[in-house]
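Think of it as A, B, C, D and E in the order they're written, each chain with its own count starting at 1.
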Amino acid sequence: MSEKLVRFRGGGFRPEAKRGAGLVVFVVLLLVIEWGTRAGWISNLTLPRPSDVGATLAGLAQSGMLWTHLVPSLTRLVVGAALGISVGIGVGVMIGLFSYVRAGLVPLVAAMFPIPKIALLPLFVIWFGIDEGSKYALIALGTFTPTVVSTYGAVDNVDRGLIRMGQSFNLRWWSIVRKIVLPGALPGILSGLRVSLAIGIILLVAAEMLGAEYGIGAYILQAGSLYDLERLFAGVVVLSALGVLISWIVGQMEKRLLVWRG
Amino acid sequence: MSEKLVRFRGGGFRPEAKRGAGLVVFVVLLLVIEWGTRAGWISNLTLPRPSDVGATLAGLAQSGMLWTHLVPSLTRLVVGAALGISVGIGVGVMIGLFSYVRAGLVPLVAAMFPIPKIALLPLFVIWFGIDEGSKYALIALGTFTPTVVSTYGAVDNVDRGLIRMGQSFNLRWWSIVRKIVLPGALPGILSGLRVSLAIGIILLVAAEMLGAEYGIGAYILQAGSLYDLERLFAGVVVLSALGVLISWIVGQMEKRLLVWRG
Amino acid sequence: MDLSLNKITHRYGDMLVLDEISLNIPDGEILCVIGPSGCGKSTLLRMIGGLERPDQGQVTQVGEVPQGCLNPLTFVFQDFALLPWRTVAGNISLVLEDHGLKGGEIDRIITDVLVRTKLSDFSDALPRQLSGGMKQRVAIARALAVNPAVMLLDEPLSALDAQTRELLMDDLVGLWARQPFTGVYVTHNLAEAVRLGHRIAVLSRRPGCIREVIEIDRPLTERRTGDPELEALQKRLWDLMREEALAADQELLNV
Amino acid sequence: MDLSLNKITHRYGDMLVLDEISLNIPDGEILCVIGPSGCGKSTLLRMIGGLERPDQGQVTQVGEVPQGCLNPLTFVFQDFALLPWRTVAGNISLVLEDHGLKGGEIDRIITDVLVRTKLSDFSDALPRQLSGGMKQRVAIARALAVNPAVMLLDEPLSALDAQTRELLMDDLVGLWARQPFTGVYVTHNLAEAVRLGHRIAVLSRRPGCIREVIEIDRPLTERRTGDPELEALQKRLWDLMREEALAADQELLNV
Amino acid sequence: NEKMTVGALRFTSHAASFVAFERGYFAAEGLDVEFKFFQAAQPMAVAIASGDADYAVTAISGGLVSLAEKGATKVIGGALSEEKGIDGQKILASNAAFEAGLTSPAALAGKNFAVTQVGSSFHYMGAKIAEAEGVAVKYKPLQKVGAIIGALKSGQVDAWSIVPHIAKGLAGAGAVQIIGNVADYIPNYQVTTVFTSAANAANERAKTEAFLRAFSKGADDFNAALVDKTAGDDGATEMVKLIHKYVYADRPYEKAEKSIRNGAMRINKNAGLNMESVQDQLGWMKSEGLIKDSITSDVLVDPSYAPVI
């Protein structure tokens, strides 16, 4: 009688990001560009030599100019984002809880979403002054809208079953909000934070278009207008690193605050 | 014996956006601003008179300048976004399917996310010329990254149970991708589209910073540099309307393509 | 405290869901409610507990709420409804915090109900670490903590696997035997109904109305699986409902 | 075609899940596999069907695959695994499309299995319009469409409510009676096991190994709820498993 | 002492303020001046309107006029002027365009002319040159001077006009070609003006006059040292050193010196304002639809402070 092993046909469709592989790709990419720019088949107008970018970065760090640029940018990001995010969470929660707030504000926020914040820069200067005020405001506005949207989405996604449970035990309205709605919305709020902060970083450049002498954004803009590709890329690398760092910090917060998700 | 009706304690926590209420808020807001600017307690340096903005818009439409500005912008948006989104979906699906692609590209995309696209504008001008090329490229890049992220997220979220089912019926690999993975990822891809297109609109202004005579973004920038608030707001209203329109179109696509969700 | 339902009628939009339901729920007894899918059992239970308002008719509490009762009408839900971010003890403490009890009093109650539901060892576990059966035990402990006059159970066992269901049925019987509680127990499962119900109300298909209320005389603690009398009753119930269950199953939803 | 399992052993990481399981599944019979939660029943079934590779041991098909069989080892899943974007007919057609059948042939098969599962009226319905019981009927129709040599059913009824479960058990018995199929039926539910199994394999707690294989002589079609012999068997099985079920239930997950 | 903020670009053309500050003319008037530096002219106008700066010197742009129309700013005097015989702003062509035949402004037809923004002084110059030559050119707004230089170097745009120190620096490095002088097309062009907020102009007469006096003294010193060269070599060198503190500060003195000397254009005596040129610029903006037709020079200028030339 014929005997045959059962053929394996499962597995696959579960790609996993191998640790370190990303690094290898980065390094290879850099090496290729380095080679290309040295050998000449990548013109130095097209891309800067990675080693030169590295040298520029090192020079920036050594001369202390990195801090001179980084500190104002970070301050703007922190103040602006803190403002935008805290107000955004507040408004988002209100939209998630109250019909009238939702009815009034959701269309407003939806209409604000596709407004390019750079366009409003001149207006912001008049409103908040050319100094830090307008920069904070720009970053605050830029982080506000996505925070609102993600927050009220998160509140909407809180399991209504848990809320009904709270009501069935006669919990007070405020207890339900504090003990059920807010913790339940936290994961969604945190993952919205990631996006909001990334947008905050992107807006640094826009914020520093007007009247900023120092700041990573100003540094990049200056390099860009001078077509100084080494400095341009050095600045971009700093922002990119900042983005990765912030994403990591949010990841850590998630780990701490959301242990219960396992 | 005491008798007492059972007290109602349910309900609530389900705010619903009342149709039309948003409109009311808009109208009230506009009326208040109109009043303020007329009465003078809002300086004309702070906000334009809504009726003037309306008149500017009407003038734009009548003189045909609206089209002169809208057509190049729409072309840039359509070409750039089509490019960025189609490549983004392709790359996103690949990342969702193949370990090596994922390992290599995910960190790259993550590093690209917080790079402000305006910063790269000078570079793009060198690479793609000062004309339409650089504008397409900017919008393409700007829509590419969020599309990739949302697409591979959507592919990751396809119910693995359905894939195992396909394997258990000996479906071919390509059948599984085509008939299970792609339709399953479609809702996530479409909702990513919303965000990508909103970003595309926002980037119009950045794209039209360099060397664009016509375009809504150029119009807004010009208005900003002339400190002509009526025109600035008229332009912003056009972009905002464009955003709402695109969001509606995506909504219609969802309705059509995702009937099965009910 | 007894509960009395008087001609409860309800519609969702145009759809009549409950049609003039009158019922009496005497103190200390468990009333099981069975009926085909979508006949409005859960809706009815939510109305009894005040989570929904009937279009017509009312639910009345007859008699005094017993002393020390923090929440007269207390639900146990099918999906447990535990807060995933609170430990077992935290989930129980949640429902005690709003009653102005002293900290020591709260701890005492928690310890007591954990002992009664044999959960003492799990007081610091998070819901995600627990099997379904354990989660429902926690939900029952939480319900007991407020010392309810009436427990309202909506298919409390149907999210569990068959074996765990058996185990929990024994636990429920045990809890009732130690300290009889009034209960309304909604279920699809006829075996559960004949095992736990002093009376069984059979609802018809939508619009749900009462077809029959059956009394079972045998005390809860003396009922066993395989008991021929209960088996016969279960078979009778099944024969009563089979056609309707089939029809309910074959209905197209949201067409 | 028979299946033969030879010393199947498997670990996930450090955790031994299956320990030297040997079993024989003869043609035309249904083997029920029962055991406490987490003992590796689903893992074992996936290995039989080739969806997972055991660390040691092998699964062998003995004998020829019958004529006209498109997919010898065919699963029916607990969660139905229907594509929500395809109609009932589309879901069945899915598994026929890769076999180079002609269009007419595909339609013929679909019509046939829909008739056999009494689903003809629902051929254009989308899964979201169907109740759970109907969905599982569609999944069974889909499995029948490929004319399997062995059906592998992983708790096919446990996502359904008790009444629907009864109805579907009858349907399964009816299908088997019309055209006997070989089956491996994993379940938690002892009532299902004694109703549908020609033989019942009882697994121990993790690491799963075979504690006992019980044969039931009474033909499927003659088994009834309330049959004292089956009730006794069910009770015996429960006594055998009760302790382990309790222990499995109380285990803390991912600690 | 009265505190005030003066907006400035790090250009030689802003030297009058730097001189007045360094040589203590502001202090002598009882003014405690603090500089605020900008990257472009346009934000300065907005900063005056928002009260972030009190006085500034910049070209007449559409933005400035618009703000004046909203009652936020006023021009109170003139600064940089084109003057026949003194090296003024240059017309540039990119190397690529030059090789392709753009050797004089007459060949500008159909070329890309770089401007920072629509309505800027660059746009005005380009329009005037094109008008005089009877050709049509395309304007490419590139937002910033730096961006224009890059685009010109890489041949993305064909032509531009700019103050002499930048033009000569670029041409000297072989990056661009000089193909003409702006002064030949727009004689007596009032390039930059002194302006302040409308509130300052109306209510702070004493302070504003004090500022203008100090500013004019600085301008006189500057003209004497670098334009008319009546202060001798030492005076010129000293002036260059003073300016180098603010302009090209990141370059070594030797390199900066040439640029600073090259950039010397006359700053009007006593902040005199060439009304004719101002009228012409306003007229052009109206014809381009950049500003409202109703705007007259009274809206823009407060003529009570400085002599009208």
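FYI, a contact is a pair of C-beta atoms (placed from the backbone, for glycine too) under 8 Å apart; a residue touches a chain by one contact, two chains touch by 3 or more.
These are the chains along with the protein names UniProt gives them: A, B = ABC transporter permease; C, D = ABC transporter ATP-binding protein.
Remember, predicted model here, so these are calculated numbers, not experimental data.
A.B. asks: Applying the touch definition from the top, give me the chains sitting in contact with each of chain A (ABC transporter permease) and chain D.
C.D. replies: B, C
A.B. asks: Based on CA centres, what chain would you say lies at the far end from chain D?
C.D. replies: E
A.B. asks: Which two chains meet at the most C-beta pairs?
C.D. replies: A-B
A.B. asks: For chain A (ABC transporter permease) versus chain B (ABC transporter permease), what separation do you get between their C-alpha means, in angstrom?
C.D. replies: Inter-chain centre distance comes to 17 Å.
A.B. asks: Could you put a whole-Å number on the gap between the CA centroids of chain A (ABC transporter permease) and chain C?
C.D. replies: Chain A (ABC transporter permease) and chain C have C-alpha centres separated by 47 Å.
A.B. asks: Which integer distance in Å separates the CA centroid of chain D from that of chain E?
C.D. replies: Those two chain centres are 85 Å apart.
A.B. asks: Which residues of chain E are in contact with two or more other chains?
C.D. replies: 46, 49, 143, 147, 150, 154
A.B. asks: What parts of chain A (ABC transporter permease), by residue number, touch at least two of the other chains?
C.D. replies: 9-10, 45, 122, 126-127, 164, 167-168, 170, 221, 224-225, 227, 262
A.B. asks: Spell out, as numbers or ranges, the residues of chain C touching 2 or more other chains.
C.D. replies: If we look for residues of chain C contacting two or more partner chains, we find 49-51, 73, 128-129, 254.
A.B. asks: For each chain, which other chains does it touch, given as pairs?
C.D. replies: A-B, A-C, A-D, A-E, B-C, B-D, B-E, C-D
A.B. asks: Touching residues of chain C toward chain A (ABC transporter permease) in the complex: what are they?
C.D. replies: 49-51, 70-71, 73-75, 77, 79, 81, 83-86, 94-95, 97-98, 126-129, 146
A.B. asks: Using the touch definition up top, name the residues of chain B (ABC transporter permease) that touch chain C in the complex.
C.D. replies: 1-11, 262
A.B. asks: Spell out the residues on chain A (ABC transporter permease) that touch chain B (ABC transporter permease) in their complex, using ranges where they run on.
C.D. replies: Residues 9-10, 12-18, 21-26, 29, 45-46, 95-108, 110-123, 126-127, 160, 163-164, 167-168, 170, 173, 176, 181, 198, 201-206, 217, 220-221, 224-225, 227, 229, 232, 235-236, 239-240, 242-244, 246-247 of chain A (ABC transporter permease) touch chain B (ABC transporter permease) in their complex.
A.B. asks: Which stretch or stretches of chain A (ABC transporter permease) touch chain C in the complex?
C.D. replies: So the residues of chain A (ABC transporter permease) in touch with chain C come to 159, 161-162, 164-172, 175, 179-180, 183-184, 258-262.
A.B. asks: Taking the complex as given, what residues does chain D use to touch chain C?
C.D. replies: My answer: residues 36-37, 122, 125, 128-131, 133-134, 155, 158, 161-164, 166-167, 187-192, 225-226, 228, 231-232, 234-235, 238, 241-242, 245-246, 248-255.
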